[in-house]
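In what follows, structures are represented as structure tokens.
Here come two complexes built around chain A, the first alongside chain B, the second alongside chain C.
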Partner chain A sequence: MAINERLSGNEAVSFAIKQINPDVVAAYPITPSTEIPQFISQYIANGEMTTVYVPVESEHSSMSACIGSEAAGARSMTATSSCGLAYMFEMLYIAASNRLPITMAVVNRALSGPININNDHSDSMGARDAGWLQIYAENAQEAYDNFIQCVRIGEHKDVKLPVMACQDGFITSHAVERLELIETDKVKAFVGEYKPEKYLLNPDEILAVGPYDTPQYYMEHKKAQTEAMKNARKAIKEIAKEFEAMTGRKYDMLEEYRMDDAEYAVIIIGSSAGAGKEAVDELRNAGVKAGLIKVRVFRPFPDEELVAALKKVKGVAIMDKTDSFSAAGGPLGAEVKAAIYGKVDGITAANYIYGLGGRDVRVEHIKQVFEEIAELVKTGKAPETYKYLAIRE
Partner chain B sequence: MAYNFKEVMNRPDRLASGHRMCAGCGAPIAVRAVLKAIKPEDHAVICSATCCLEVSTCMYPYTSWKDSFIHSAFENAGATICGVEAAHRSLAAQGKAPQNYKFLAFGGDGGTYDIGFQSLSGAMERNQDMVYVCYDNGAYMNTGIQRSSATPKYADTTTSATGKASAGKQQNRKDLTEIIAAHHVPYAAQTTFIGNLKDLYEKAEKAIYTPGAAFLNVMAPCPRGWRYETEDIMEICKMAVETCYWPLYEVENDVWKINYEPKNKRPIEDFLKTQGRFKHLFKKGNEELIAEIQRDVDARWELLLKKAK
Partner chain C sequence: MKDNLMKNINPETKWQDLTPGGNIYASGNSAEFKTGDWRTVTPKFIEEKCKQCLLCVPVCPDCAIPVVDGKRLDFDLDHCKGCGICAKVCPFDAIEFVKEGE
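Take a look at the complex of A and B:
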């Protein structure tokens, strides 16, 4: 019997970690992810977990310790937000290139500066090219479900890459929701035992990790890394199917909401999909053919799925909860446009930057976006390259 | 166990000879000697920071290391080996790894005194069961002899250049062994290459077989950076100790012990004159700079004597 509980996103992820009981956790406090290492520390103190916890002196060291422990053959996890993720930057690339399937709970928070503790996606989006998978949750239930799947996906034999399981700071991490938890024995059976092929603590076979790589080999290693990222698509889908069989909850690269006959769509990541879906419902009631695409998996990028979902759409708004300061829009905007270029005819695509540093995103805002794209489609005008939403001029 | 030079030297090397370090380099001498102190029947995982040692001993698809080895970055050997040790604690408790594993990290002075200082300090404070070995050659050699906080005052390096307006590095050398001792770890020691390497071996053995975090600071000359003839290395190390520039001492459970007190402390010139990096100090008019170095060495030695009382 599934367990019905009222939990916050942080509690849900911590509970998943407790159920999985990884070999090693190394973590460092930062708002809003701090609760995760706190809960784990308490679970260990209560004797509810046997995980070895490494109370490091920084996030640089939490990622470094995870690299060491995962390479040594231990299932390793950490959690962070914002500046903590930025502080790991160099090590993120090293974890990925060493093909170490570390699972990291990222509780998304704006990057400094100015310092701000509230939600946006500047932290994980800043690390989008680090070679990690990135899977985003809309709510606590998804944060829990994704986290459990992430462990399997990263460790999949054709993938072997680290994974960020992202949820929105405060909005998801601290708000308490009703959710359905899976029995611990089922979670344990689902993730299975971690059995790495090669690891440092194998007395029968020595291993060298992180050698100096020359131009003769470096590029082949990068190619292998990109192939692993491509393989992740299949693994994500397979594991989602298994997860659905266990829980009845369905997951994929994208979630399409009322997209079947949609003429106008927004593409969005994370918790704001909630407000987006409400806006879609209200517009549908008013006779507008609105739909929403929630990008669950940003790495690997769901390019084919987006093309398929947008085939019949006239106008799309791509919503970025971060600015890339390219002066040409946000990362999701750039990548969606690149993915559909030459593949979706005659679509009007507008890029919005919204919700930075915890700025509220309400149903009216999303409705306004729909109105604006409908107007562009009607007049045939080209959209501005990108636009800030709900901004004081 | 008493040190038996022949027996120790006959143990198989855990660092193979096919590496790319320069002839006369102190680093591989330090590494080999330290690794000899691991009982042949024990397993080890070795970590190295990015440095001359790492880039010359582990170039894909080869490795000179006969034990499992991990390099991840320049500034995090402390945290990386702690991750490995944590994994071992977890897996050994689950019966998934043998108990008899030892964990050693090597870093140059740059990766240890400077950029890796925080990671090292964290590892020492957590008192994880590992040994951190700094091979101190007093500059960033791998990137072309830039000054570090281990570079002695007035040494000529590529970022503390000598010229009409400067006599080399203007700042003092950090005392890292003392700083690590202040972490109250079970074992911290300083050594270099003396005689038949007994001091180095014994300290390595203690460091490796003392439960908890241990730190070894091994002065390991670099012929390129220090500018000496390769065959002079043992003489230079001897002079470092005889002048009390690099005292041999250890701190075991907060008890300070000097392992060698020269009967007649040699003047610091005897150390300085062996190396091209101090050549400018012997020009006419720079006598006061040498006198200042002498006063600094004397003062540090006096303090050490007090601590070891």
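Take a look at the complex of A and C:
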């Protein structure tokens, strides 16, 4: 029987890590992810975990420690937010290119400046090209479920890449929700033991990790890395099916909400999908054919799934919880438009920047977005390249 | 991705046959890593001018001047990067540098 609990997102992820009992956790506290290393330290102090906790002096060091321990053959995990993730930036690329499947809980928070501790996606979106998988949760249940799946996905033999399991800071990480936990023996059986083919602490084989790469080899290694990221799509789906068989909870690259006959759609990532679904329900009750697409997996990018989901849609709003400062929109906007270019005919696609630095996104805001795209479709006007939602001006 | 044993990895090896992240499954093998392709100028050893004083040998940053039985041999071009220090210290003009390919 599954365990009914009431937990915050941070508690849920910490509990998942306790159940998995990895070999190493190396982490440095930063709001709002601080509770994760704090809870894990408590579990270890209480004798509930056998994990080695490495109390490092910075996030550059926490990621470096994870790289070293993962290469040594130890299943390694960490957690961070915002500037902590930014401070890891150099090492993120090392973890990915050395093909080390570290699992990292990212509790999304705005990057400074101006200094702000609240939620948006500027931290993980800034690291989107680092070669890590990125899987985003809408609520604490998904944060828990995703984290457990992320371990398997990253360690999959055709993937071998590190994974960020993202949840929205405070909104998800600190709000207490009812959720279903999986029995610890089932979690342990699901993730299995980490058995790398090659690892530094193997006394029977010689291994050097991370040697200098000359121009004659670097590009072939990058090609292998990009192919591994492509392979991750299949691994994500396979592992989600196994997870569904265990829990009854269904996961995929995207979640489509009332999209079957939708004429207007919103594409969104993370906790704001909750307000989005409420807006869709209210509009459906008023006779508007509204739907929502929640991007669960951002890396690898769900391009084919988005094309399929948008085939019959007249107008779509792509919602970015970060600005890329390209002066042409946000990262999700750019990538969705690139994915559907030449593949979805006659669709009106608008890009919105919303919810920066913890700005509340309410149901009426999403309804306003639906109204605006319906108006664009009706009048045939082209949308602005991108716009800030509910900005004072 | 093949990550069994490192066998014959060379500049013709396809991406599918390389090890993950360029990991090396052997030790003491840096001599097999050919770094001479950085070179833009190539040293020429003029043996008849050489007095075997061996001043060139210790100044080579890449140990690219092999010595056998107290005598230097021709350059190890797999590792020489063409820095020219050997030619500078040679008192007998026994080392010349020419452009790569000439």
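Just so it is clear, the second predicted complex is superposed on the first by the 393 of 393 C-alpha atoms of A that agree within 3 Å, B and C clash if a C-alpha of one lies under 4 Å from a C-alpha of the other, contacts with A are read in each partner's own complex, and residues count from 1 in each chain.
The criterion applied here is as follows: contacts are C-beta pairs under 8 Å (C-beta built on N, C-alpha and C of every residue); 3 or more make two chains touch, one makes a residue touch a chain.
Note that the structure is a prediction, hence the values are computed from the model and not measured.
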Inset, instruction - Mind working out whether A:23 is in touch with chain B, chain C, both or neither, as first, second, both or neither? - result: first
Inset, instruction - Pick one for A:51: touches chain B only (first), chain C only (second), both, or neither. - result: first
Inset, instruction - For A:160, select first, second, both or neither according to whether it touches chain B, chain C, the two together, or no partner. - result: second
Inset, instruction - In the overlay, answer first, second, both or neither for which of chain B and chain C A:211 touches. - result: both
Inset, instruction - For A:76, select first, second, both or neither according to whether it touches chain B, chain C, the two together, or no partner. - result: first
Inset, instruction - Could you look at A:197 and tell me whether it touches chain B, chain C, both or neither (first, second, both, neither)? - result: second
Legend entry - More chain A residues in contact [chain B versus chain C]: B
Inset, instruction - Scan A:97 for contacts with chain B and chain C and give back first, second, both or neither. - result: second
Inset, instruction - Based on the superposed arrangement, let me know which partner A:223 touches: chain B (first), chain C (second), both, or neither? - result: second
Inset, instruction - For A:68, select first, second, both or neither according to whether it touches chain B, chain C, the two together, or no partner. - result: first
Inset, instruction - For chain A, give the residues common to its interface with chain B and its interface with chain C. - result: 98, 206-211, 213-214, 217
Inset, instruction - Please give the residue numbers of chain B that touch chain A in the complex, ascending. - result: 43, 45, 47, 54-55, 58-63, 65-73, 75-76, 78-91, 93-94, 96-98, 101, 118-119, 121-122, 125-126, 128
Inset, instruction - Flag every residue of chain A that touches chain B in the complex, lowest number first. - result: 23-24, 26, 50-52, 54-58, 60-62, 64-74, 76, 90-91, 94, 98, 200-203, 206-214, 217
Inset, instruction - Enumerate the contact residues on chain C facing chain A in the complex. - result: 1, 3, 11, 13-16, 18, 20-27, 35, 37
Legend entry - Interface residues, chain A side, partner chain C - complex: 97-99, 158, 160, 197-198, 205-211, 213-214, 216-217, 220-221, 223-224, 227-228
